[in-house]
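First chain written, first letter: the chains are A, B, C and D, and each begins at residue 1.
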Amino acid sequence: MTNYQKILDEIYEEIKPYLKEGKVANYIPALAQVEPNQFAMSINLFDGSSYHVGNSDKKFSIQSISKVFTFTKALKIYRKKLYNKIGKEPSGNPFNSLVQLEYESGIPRNPFINAGAIVVTDTLLSNYKTKDDTFDNILKFIQDISDEPNISFDKEVCFSEYEHGFRNVALANLMKSFNNIDNNIDDVIRTYFKQCSITMSTKELSRSMLFLANHGVDPITNKEFITQSQAKRINSIMLTCGHYDASGDFAFHVGLPGKSGVGGGIVAVVPKLMSICVFSPQLNSWGNSLAGTKALELFTSKTGLSIF
Amino acid sequence: MTNYQKILDEIYEEIKPYLKEGKVANYIPALAQVEPNQFAMSINLFDGSSYHVGNSDKKFSIQSISKVFTFTKALKIYRKKLYNKIGKEPSGNPFNSLVQLEYESGIPRNPFINAGAIVVTDTLLSNYKTKDDTFDNILKFIQDISDEPNISFDKEVCFSEYEHGFRNVALANLMKSFNNIDNNIDDVIRTYFKQCSITMSTKELSRSMLFLANHGVDPITNKEFITQSQAKRINSIMLTCGHYDASGDFAFHVGLPGKSGVGGGIVAVVPKLMSICVFSPQLNSWGNSLAGTKALELFTSKTGLSIF
Amino acid sequence: MTNYQKILDEIYEEIKPYLKEGKVANYIPALAQVEPNQFAMSINLFDGSSYHVGNSDKKFSIQSISKVFTFTKALKIYRKKLYNKIGKEPSGNPFNSLVQLEYESGIPRNPFINAGAIVVTDTLLSNYKTKDDTFDNILKFIQDISDEPNISFDKEVCFSEYEHGFRNVALANLMKSFNNIDNNIDDVIRTYFKQCSITMSTKELSRSMLFLANHGVDPITNKEFITQSQAKRINSIMLTCGHYDASGDFAFHVGLPGKSGVGGGIVAVVPKLMSICVFSPQLNSWGNSLAGTKALELFTSKTGLSIF
Amino acid sequence: MTNYQKILDEIYEEIKPYLKEGKVANYIPALAQVEPNQFAMSINLFDGSSYHVGNSDKKFSIQSISKVFTFTKALKIYRKKLYNKIGKEPSGNPFNSLVQLEYESGIPRNPFINAGAIVVTDTLLSNYKTKDDTFDNILKFIQDISDEPNISFDKEVCFSEYEHGFRNVALANLMKSFNNIDNNIDDVIRTYFKQCSITMSTKELSRSMLFLANHGVDPITNKEFITQSQAKRINSIMLTCGHYDASGDFAFHVGLPGKSGVGGGIVAVVPKLMSICVFSPQLNSWGNSLAGTKALELFTSKTGLSIF
């Protein structure tokens, strides 16, 4: 049987030189102050066992990883109708964000670029009516899938995002001009920034992804969160679109469905086997955790668990 | 044990209504004349067994499927250096083909869009010097991996491509202006069109992909064509970039690495298990075989073999 | 001596068939209700004489014509420093509005596209501090140059613009993300929509442009509003950028510096000779008054006053 | 009466510091070798008088100035039908050249960007059948309008253009793919490069533009080359599109219809009064003669002859 703890320990050793490279996200002061050289990694198996290395209890800003949770929630509610409002294709170039949105009449290419995640949050607002109820339900869902009631958000990060989020407000307004946002823009944007500023540890995040590795059903609690078909499709979108303009590179080097956040976290799943989370706040030039990406590459090399 | 023949037979029945939909490629006369309602499907396992339905001996124009072969060949020769000339990211929007090429200084996004495949052919020309030697080596490689000496190309299709291929010539010249084409443009283009006009049956194409399913080694002849790492990476690029602007959709619905051609063929692999080829010449709006895509979706639904 | 009244009367006759063509602006209800078949035209000479045809006292929404007034005002205040924030080149394609803004780091191509006019209004807010003072000074300036104290704005149109102005809010936020907007976005946008909803007649608008025809000095009151050099440059920008993506067409057919608004008005100047305003609310496919453009073309044909 | 010789002499003095700035075109070796600090300027009046400063007999490569001549010739032959194949709007951004051409289905925005000029040359080939006859007729036309039989082209420059003209070949092929090129691409391209490599002096070029200043009729020989309406329209397109992405800037600072070439020449007209040519081979960042642009700005400042 594979000795996962040993593999994680090896990775921790081999990753050390990479902890000096990259740059912490600095577009908002609250994130720029994070201690840069941190590293943690966790994996969760279907039998309930889990393995950890580094400070796996340290909470960090999940940022875009929240897009997986809200998309899952919205897909559960709206099913295929959701694809009237967002696509499922890679977006090409980050430079294109506004370009493609304008060319494609306000329909974002996928739920994991900012424009797409904003639309997803808008659909949740349509369902839960108030922005407080919407956020409570997002948080409740994350608590359910991670089987952990103590998850909340960082007010300072949230406020800081709001103070500097003009480009996201631009995206929301452009989509509203195409009738692809249904609620008040300020409500949508505030809810979106709140979900991005949720804080979790690698231990919690890895645990929260287990249902996606197991086709929608938490293998420990046996709760079915989504259907098998929905789980496969979320995984496929993570693989093709989970790392912005480095999605191809991540598929190429790591070979697992995954989603990164500028807070330095990356979640990934090995379908039918396990969930993974890695954290290291310094980012590569595409905005993904540098050491985190490297750690996942080492992991699939050592275990042969790439889906390819 | 799975009864693959029964599954193929079922798919053939269920696919019939779809054979009336879509449109045969009509950008060149030679392809427009193809009989539209054809269907064939083949799978090859590692033990040498294979299963077929429809007219699996019928040869058709492989078109863009040839890009997998030339990319494999070039990767074998140049290894990582090849990525100085082409990327490995999805290209976003077909409308962008020239846009992104210009914006990204003549470096195509991946080897499976036309610009990328033209660069790949150019690198083969640099290696084999003359266009005849280059094409002979491409053909020889395809004969080797498919274990089938009788493979050739359709002169009429090749000539027709050349007569109407102005956009591809535009791409080649644009890249040459950025110094990303090293050989005479007419030689590159003629070789490229020749490789596109190679004809093969589903039986041959499925057989030819077996080494990619088995991490670079033909499981029957035990010949190693490329390394395990290279095979995984070709598979990951097929998954993220294999179906133009419907790559996300294909990953979403089918969940296998694959590559389509406008001749109506699609090849796919189930890593560590099998290779597949389907043929039906009528295309959906993204230029991929309509019934072929549906057949592959049925296949992964029935067998549970999606990688997700 | 030219009989201008006769020429205007002829134009009024010849223009009649065109009054049935085109479409009233319908992006906001308040504009969509305008009576479609109206026509009026006014010219003002340096000796104080003026000529009119149609209902030249009828007030209409000046819309983008206000961009000439705010740009003039901002140029007077900031002089060449203003060009750090906006360019003076034609913008190419309307489809590109957000594209170019993103590509060119939030610096609009010229002051007559929406993004550019929003920046101009932002600079006026920086100068006058409050949005009320800013608008009062804009209005006061228009009253001065038109020598007419009774000019105000239409509250219903202003509110309607604000209710539907998501794309303009998107532009403002995108520019703010590039630090090219200095004030509160809502203040900038409200002031911008207020200036667009100012109402004037052809009589008033033609009078207001006389200083631009006369190199910055009102030839009747002798007030110098801007320098000769500034006046020439405003005229050159009107010629190259005054009619969105039909600026070349307007230069080609009319041959005068001019600026149109979606309310159906067009102002133009014959340098060193006269100012002109025409009004007819139905628009051609580029968003410029259809009969108005035709009337100006007839005018330069009949008088030989094209600058070319 | 204005002392034009004195004005030219003053300009020559004042321009001297600018002769050290800018960079000679270096995309082909044949142009890169030009002696950089040269300057010459010529003007021609309707009474036959002409004024010159610097080495006004020195022949240089006219490059894009040839686009005015071929467009004039094609407009004479095809009249309004020519606008089915090319537009008359500014093109925005040079970066967009291929972008807009693709977006707008192969119809270039105007006759003065490369794509547009290539289409114009293609229409001349359709009229004169062979490429030799076509070029002979282009040359003959230039000899006629300049009243000077000794005009020819530079074979070395022509060959050098052809050796490095991949981007232009890309444009031609892209347009051919949209059916907007009717003749053999190599014939079109060779003729185009030949016209660009014609050499003329400022004396000859200024003389050649006199008919455009005088509404289509050479004021000295009284030959009518085109109609008054055509002449006005060519002038309007020179004003809005004559200097690539610095057309607005040229209109703004100089205020005259003009056309530049990367050989360092700029022609301009003062409608109803005179024609001008200036030459200085070092270019500003937009590819227009740096000292030449400055000289023309000084000229309109000193004479008050801006059309605005």
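Here, a residue touches a chain if its C-beta (ideal position, glycine included) is under 8 Å from a C-beta of that chain, and two chains touch if they have at least 3 such contacts.
These figures come from a predicted structure and were not determined experimentally.
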{"item": "Distance in touch steps, counted as few as possible, from chain B out to chain C", "value": "2"}
{"item": "Contacts common to chain A and chain D (chain labels)", "value": "B, C"}
{"item": "Interface numbering overlap (same over half, different under half) for chain C and chain D", "value": "same"}
{"item": "Most widely separated chain from chain A, with each centre as the mean of CA atoms", "value": "D"}
{"item": "Separation of mean Cα positions, chain D and chain C [Å, integer]", "value": "32"}
{"item": "Computed distance of Cα centres, chain C from chain A, in Å", "value": "47"}
{"item": "Junction residues of chain C - those touching two or more other chains", "value": "95, 103"}
{"item": "Pairs of chains found to touch, sorted by chain label", "value": "A-B, A-C, B-D, C-D"}
{"item": "Chain A residues touching chain B - in the complex, by the definition given at the top", "value": "87-93, 95-96, 100, 103-104, 109-110, 231-233, 235-237, 239-241, 245-249, 251-252, 255, 257, 271, 306-308"}
{"item": "Complex contacts: residues of chain A adjacent to chain C", "value": "95, 97-99, 102-103, 166-167, 169-174, 176-177, 185"}
